[in-house]
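Chain IDs A, B, C, D and E follow the sequence of writing; residue 1 opens each chain.
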Amino acid sequence: MQEVMPATGVFSLLWLLIALPLAGAAILLFSGRKTNKWGPYLGVFTVFVDAVIAIWMLIAMMGNGSEQRTFSQNEFSWMFAGNFKVDMAFQLDQLSMVFVLLITIVGTLIHVYSLGYMSHDPDKRKFFGYLNLFVAAMLLLVLANNYLLLYVGWEGVGLASFLLISFWQIKPTAAAAGKKAFIINRVGDVGLSLAIMVMFVTFGSVGFDEVFGSTGQASEGTLTAIGLLLLLAACGKSAQFPLQAWLLDAMEGPTPVSALIHAATMVTAGVYLITRSNPIFDAATWAATAVVVIGVITMFMGAIIGSAKDDIKKSLAGSTMSQIGYMVLAAGLGPIGYVFAIFHLLTHGVFKAGLFLGAGSVMHGMNDNVNMRRYGALRTAMIVTYATFIIGTLSIMGIPPFSGFWSKDSIIHAAFESNTLVGILTIIAAAITGFYMTRMAAMTFFGKARWEDGVHPHESPKVMTIPLIILAVGSTFMGMALLFWGNIETWLEPVVGIKKEEIGIPDWLLMTITLVLVLAGAAYGWIQYARREVPIVAPRGNWLTRAAREDLYGDAVNNTLVVQPSFWLSRFLVWFDGSWIDGFVNGSAAFFGGLSARLRPYQSGFIRSYALSMVGGAVLVVLALVLVRLS
Amino acid sequence: MNPSNYVILSALLFGIGALGVLVRRNAIVVFMSVELMLNAANLAFVAFARMNGNLDGQVVAFFVMVVAAAEVVVGLAIIVQIFRSRRSASIDEPNLLKY
Amino acid sequence: MNSFPWLTVLGLVPLGGSVVVALLPKSKPLLAKQVAFAISLVVLALVVVVALKFDGSSNSPYQFVEIHDWIPSFGVTYSLGVDGIGLVLIALSAVLIPVTILAGWNDVEQPQAESVGSVKGYFALILVLETMMIGVFAATDVFLFYVFFEAMLIPVYFMIGRYGGAQRSYAAMKFLIYSLVGGLFMLAAMIGLYIVTGTFNWFAILSGADIDPTTQKFLFLGFFLAFAIKAPMWPFHTWLPDAAAASKPGTAVLLIGVLDKVGTFGMIRYCLPIFPAASDFYAPVIIVLAVVGIFYGAFVALGQNDLKRLFAYSSMSHFGFIILGIFVFTSIGISGATIYMVAHGLSTAALFLTAGYLMQRRDGSSLLSDYSGVNKPAPVLAGFFLFAALSSLALPGLVSFVGEFMVLLGTFQRYIWVGGIATLGIVITAAYVLRVYQKSMTGAVGSGLEHIKDLTGREITALVPIAALTIFLGLYPAPVLNVVNPAVDTVMTLVGATNPEPTVGISSTTSQGAQQ
Amino acid sequence: MNAVASVIHAVDATPWVMPTLDYRLLAPVLIVLGAGVVSVLFEAFLPRGARRPAQLSLVFVSLIAALIAVINLNGVRETAGQGALAIDGPGLILQGTVVVIAILGALLMAERGLDPNGDAFAARASSLPGSEDERQFTARGYFQTEIWTFFLFAVGGMMLFPIANDLLMMFVALEVMSLPLYLLAGMARRRRLLSQEAALKYFVLGAFASAFFLYGAALLYGFSGSISFAGIASSLGSKTGETALILIAIGLVVAGLLFKIGAAPFHQWAPDVYQGAPTPLTGFMAAAVKIAAFGALLRLLYVALGGMRWDWAPMLWVISILTMFIGAILALTQSDMKRMIAYSSIAQAGFILLGVVAASAAGLAGSIFYLIAYAFTTIGVFAVISMVRDENGEATHLSKWAGLGRKSPFIATLFTIFMLALTGIPLTSGFIGKFYVFTAAYASGDKWLVIAAVLASLIAAFFYMRVVVLMFFTEPTQETATVAIPSVFTTVALAASATVTVLLGIFPQPLLDLINNAGVFIR
Amino acid sequence: MNSVNTGEAIVFWVCAVLAVLGAVGLITSRKAVHSALWMALTMISLAVLYIANNAPFLGMVQVIVYTGAVMMLFLFVLMVVGVDSSDSLIETIKGQRFLALLLGLLLIVILVWGLGSSLAGLPAVGLDGANRVDGGNVQSIAHLIFTDYLVVFEVTSALLITAAMGAMVLAHREHWQPKPTQAQLSVARFKGDEHPGNRPNPGIYARHNAVDTPALLPDGTPTDASIPGALRARGEVAPVDINDGRAIEEADSL
């Protein structure tokens, strides 16, 4: 167990990490048009300051021994009743630290990039407000010291995601995509809620320390339940099967959003959750296995979808799914894989952000056209973008020495350590990665220009390219830096533990096989899309392509199984409410009205009828008396 | 024979009077039927007075006669008034107030 | 200082104010509004004072107690006092009234053919209603409670019937009759209670002998029916959509935001402590109905095209949560339900007021299909609408989340499966709330909406306190929990329920120790 | 034979003892009946112009004197008039209420400010409707002032009815009360055919009911050998046989009284009579007759037949439920205000019967409270009805009340208060009344009766509130009536009834104390 | 007199039959006058039965008050209303007759059964004792009326005043102007335009003496003055051929 240190020194600023962007968001969102001018800069500034603080904290943390790197700050009691008590408390440990760094640094870059990308948007101020809100929520997610507070960040990033996806909400598709993202995420949130509840019922607390501290006493069934529920949560946030359908639609949002939220940070929250909950998964093998299965499935789904999409962002989104699938399966492997899941998460955060921003840069130059079939030969028109994008591509494909190579190779290795089949599957997926990334790069930058009329591709302004360059540098060196200089394995070990197993084949062989397969895939992509003419209208393709273009029928399945039945039920209940429940109410009113109308004729106005009823009454009264006496 | 036969007779007369109220349409006849009922009650009072051995019943009967006389006067006045307005003594005729 | 009759004064101020407002000349509607608003602020200030003087850590759960004989023949006392729950709900009313007045500043003024009442009348009625609401939450005599409970109907009846929309007569009547159904059965049960206990005074009833279970079951039904209708619980809910649809937004806010809380408040205050055995006996049925209500309301809301009806059904769904929280008999559940009441009051206010602003900009149409793309011409309005929507779907960080989660947790603690199923409700909630937002606020600007004005300063001013409270209490609910929890503990003791202990490891004491 | 023999039996004649009459105890009744006689003299000897002021002064002075006389008897608990009258707490309260209601009723009847042509009574009841005679009498203002004689006699009868302590007194009081009312009911100035019809119906059915009462009384006498309630009560304890006789006797006597209170199925006269009779009289009648008749019913059942409680309670149970529901349900579809209130009064009678069924001290007190509350409210209701007019006089059709709240908010508000009281909404007298009788019934174990009453209240609420809907939630139209400005008479009556209605709702304790201290009937 | 001797039994049976007969006649006669007469029969029978029951005073009062006063009042009103008025035998209210018979008979059955079962075999105390106290039936009743029932007795006066006054108010037509005296009437008669003398009788000098045929003035011209106003108003005046009279004269002269 790690020792929990009080948050002193720079760590006393923990709350500020969250509060700064939150304040930024509040100012930007509530201040009105007055702040239009300087608002975006404020947005950048807050995140930048966060990044500075984060780096400062990192330095401070490295000054401590590896067992004294957990800092906790308790602000106040948040919810409490009976034996339930949750604090507004933050905790920074090594795992959080890397996330804080990722979020603040990549966040800063993307904020800067957005200054250019969104420069013409009238609602720019709001955009930065949302971005700041996102950063704040994401930081809360990773800094929370208990699951419930984590949940706040968890939904907070979902909210920011919703807001940013539907940022251009005048487009119905964007609005719909935002809603869809939120609702599907909510399904995952149900999982998280329930997991928290099970934890509370089991352990009497939802704090990380308390839960993990007594994991050993809980039954495996309970832990499996918690694990599966957490997995459900992770599926929602990280777009894992079967809750993957929202991510592709989420590309309706502005590209920086896709980069920050739907590639680098938010979607990896699921991985964070699983990794953070490692004591639970370690004790619940079935849940861990499920995590692996989900990861594998999503890894392939994402890859296949990414291979078929002509929309550059959606293709990248498919790739994101696939890469997160890697991370998830790695996390599912247990102590063997946690570190590498996080490792890959970090490298992926950087190179995928770069790729997305690159794609954004391309779109910027192509009048926001996202169809790669109308790209081609852009390498000359936008050289910086081209260069950084290619670096990113190489990185994600796992070509040495780019960052992706190190992290992905670690995962493949870990997979083999755990289970040969999973290992083989990861290699195959890597090959597909090679294919679709090459396809993307080829369609965009190589081949003939297939531009639409009136499009004049041009390089993006500095404010956009500089972040690209920085991210490209990161894509290149970060893997090595983290692995060798940063020593990520030992860094994270106190939190997640680490375990090494021997595998049957030597490392170099595995690496080679992987590389060969990736290159084969890349070659196939090159041949298909750089050498050959790319038709402007997509050919029909085989069944897999068609299915992939339909997101592997994810929406169709959701519609058939969930959405449509819901609407039918809703319509039925509306009818039922009006006709039956309200019908009963109004019916009983009508009944008495009708009864009244039916009885009125007996008040006939004839004295003799009245006398008759009086005689009847007298008889009734007498009979009643007699009957009572008799009974 | 038993004195209670008087009571039985009064019951019979009472019932017949009630029946008369129900079936007759001439207001005056209806009213006569009511008087018959009062008389039946009187007979009962008288008979019970004898059976109980006190005179309260007879006193009551006496007062009932007074009351009945007053009632007759009022009743007939009302009937005459109605007759003047409507030229009819039918009890079914005044039938504007109903439902 | 406690001898000062704070609660009486609190109740009398709005009552006197309403008389003043009613006596103002008809020709000066503005003055009437200003006076009404000022009085509501005075009440709010008084409530703040009372809240500050309230001692959350005190041993006596009821404070500011005043007891005077009222109708000694019936054992009826004029007895007031607040516990945390009552205090919180009084505060909620005191906050919502000025907000409603401000938001509804011009609601009854427009030359609308449908409305038949005078401007000052509306505001006078609001103030009367405030008195009744304070009374109902502060009464510590069952009879007194009932008096306020029933008398409260009348101002609302007039507010719906005189100032409402097309179906107002029908809706007002339906509201009244429905309420009377509950009220009269409660009267019968109350009488039964009196027969059994010989008193109406709350403290005396509690200290009195236990009622035998059979009687409890009988009497409980009377009380519960009244509260279930008021709440409204499925299937006693159909008055609410009609009432909400026919009333002015302000009326709807007070109706759903505060008035309906009387139902759930009554369950906590009266059903549970007085009839513990019956509560226990009926709890399964009620829980099932509550869960049905959660989903039923949500699904019907999903299919509604009328904004006000939709919100009414959503409220019904929310009330399902509240009732659920109450009847699981856990501290978390009941505390959560109380927070949920506050949260729901705020979110309903936000929803109805923004929807009201919106509708006012389009001739009062409440049809969802009449709106689209409002975000473009009126971003502030859309923003508040979104905020209200998020508050309604219990976004973490907002006070509604605190309530909802605690309710669900409390439920889960007691009945795992019920809690699990109820949790699914949050998905549907998100679905219908966002559907409304998507349809009305996003997309292409609907015809006729291109030039609508964004919110004015007054309108924003009305919403800001709600939003601020929603966020503040979402992040820092302690002020509410501090006063509510002792009251809930009292209820738990009275109902004889204990909180389930965690299945393993840390007992409650050590967990607290660990977190300190 | 015997008959002849008995006549000449002047053998052992005993000297007569002069009956003792405590005039203090009889004072209230004597004042009112005496005033009635004086009123006859006024009619005979005063010039036409002087009659009305004289009669009005007489009426008010005598009623106030009677009220003082009643108050003077506070705490008295004994029989008077050789046992014919029972002067006890409940009786005095009922008597006092009758007097107060009579004062209010007299105020309504004296009103001449609402209609330029005079009060609500026909100038000449004997003139033909629509005849030249009628026109001339009206135009010349030759109003009948005999109504005040009748009124005083009726009040006298009502004051006797609840304190009658033997069957004969009760019967005579019933007739003294009823005969003038039969006459007055037929004397409306407008819609005279309806009024005469009302009188005929009231009279014929009333006489019919009296006959039932009387026959039942005969059988009771036959059973017990006594007509005094005390004698009957003691015979119930001592006699065991003759069950059928006593049951039939109870049935018939009670049926006769149920007629007067308008309980179903003896209720059918009420709507017709209420609608046809002159409105001020309807108000007075609806309020005061109910008090008197319930008083009598209570005394008969509690004092004379208390021992048969287990026999008559279930029967009244049925009657009560029947009455509540028939009244409430039939009122739902009425379109005439007076008629609707008539049905409402039937329903209210059903509620009061709850207190009777309870057969306990609480039941008695509850019934009395309810009666008082109901009476004041009813007077107020009819005061308002008499004020709402169009060019044809009183506008009793409901459609004419649409939008009245807009045209005359104050009067509409008062009427709303009355409707709320009749509904039984808290803070009005009606609520406390309902509460009290329900409590009494519940305490006596009639739980399900209370539930039934609750249901009936619910149905009743619907039509009461419909009036509010009509007045306040509807726009005025061309048809809408106007509220005539009344003179001081109606104003005072209205103010008094509204004040009492609200005060009893908020501070009922003084009256409750009064009623509870009054105790139970003397036996 | 604890039991009924034979003589009384005979009286009872005769009078009972007559009383019931009268009652049945009362409710079955079509003509109201007949009903009244039937009722008188019942009344008198009852009077006899009262006497047979040791109530001679009541018997007499019955004859005087009922058969004398009340029945006369009835008959008097019957004359006012129209002595010929008779009920049609067709029942107009649906179900009334059936239900009336049903309930009426049920009532009778209940009463007769109930009373019969309760009273059968019950000994009668008899009034000898009671009557003897004050030396006779009349005295005893008087004693009671003026002691125990004094208040009732006094109150009854209110009833009688009410009745008298009610009858007056409802039936007495007061005049709104003083009644003209004979002198005033004759002055008015001669001042008016109308012919002060008798009007011609119908049909004088006309061929017909039917009322609708105008009389002929001495000069042979017809005059409407002989025709009742009602007929004139209805226009039912028979045409008169003036020449008719002449023709007759001529014929006579021939």
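Just so we're on the same page, a residue touches a chain if its C-beta (ideal position, glycine included) is under 8 Å from a C-beta of that chain, and two chains touch if they have at least 3 such contacts.
To keep track of the chains, here are their UniProt names: B = Unannotated protein.
Predicted, not measured: the structure shown is a model, and the values here were computed from it.
Any chain that touches chain A and also touches chain D is listed here: B, C, E.
Between chain B and chain E, the least number of touch steps comes to 1.
Between chain A and chain C, the least number of touch steps comes to 1. When you average the Cα atoms of each chain and compare centres, the chain farthest from chain E turns out to be A. Greatest centre-to-centre distance from chain B is found for A, with centres as Cα means.
The interface carrying the most C-beta pairs in contact is the one between chains B-E. When each chain is reduced to the mean of its CA atoms, the one lying nearest the mean of all protein CA atoms is C. Centre-to-centre separation of chain C and chain D, using mean CA positions: 45 Å. Centroids of chain A and chain E (each the mean of its C-alpha atoms) stand 104 Å apart. Here the CA centre of chain D is 33 Å from the CA centre of chain E. For this pair, chain C with chain E, the centres built from the Cα atoms lie 74 Å apart. Under the contact definition stated at the top, the residues of chain B that touch 2 or more other chains are 7, 14, 17-18, 21-23, 25, 30-31, 42, 47, 49, 51-54, 56, 59, 63, 67, 70-71, 74, 77-79, 81, 91-92, 94-98.
Under the contact definition stated at the top, the residues of chain D that touch 2 or more other chains are 125-126, 168, 172, 175, 179, 182-183, 186, 200-201, 204, 208, 212, 219, 222, 243-244, 247-248, 271-272, 462.
Counting partner chains per residue, chain A shows two or more touched chains at residues 589, 600, 603-609, 611-612, 615-616, 618, 622, 626.
Remark: the chains found to touch one another pair up as A-B, A-C, A-D, A-E, B-D, B-E, C-D, D-E. The part of chain D that touches chain C in the complex is made up of residues 403, 405-406, 420, 423-427, 431-432, 434-436, 438-439, 442-443, 447, 450-451, 454-455, 457-458, 461-462, 465-466, 468-469, 472-475, 508-509, 512-513, 516. Residue ranges on chain B touching chain A, taken from their complex, read 18, 21-23, 25, 30, 91-92, 94-99.
Contacts from chain E toward chain D in the complex involve residues 1, 7-8, 51-52, 54-56, 59, 110-111, 113-115, 117-119, 122, 127-128, 131-139, 143, 146-152, 155-159, 161-163, 165-166, 168-174, 176-177. Chain C contributes residues 69-74, 113, 116-117, 146-148, 150-151, 153-154, 157-158, 161-162, 168-169, 172-173, 176-177, 180-181, 184-185, 187-188, 191-192, 194-195, 218 to its touches with chain D in the complex.
Listed in rising order, the residues of chain D touching chain E in the complex are 1-4, 6-14, 16-19, 21, 26, 29, 33, 36-37, 40, 43, 80-85, 124-127, 133, 136-137, 140, 142, 144, 146, 149-150, 153, 156-157, 160, 168-169, 172-173, 175-176, 179-180, 182-183, 186-187, 219, 222, 241-248.
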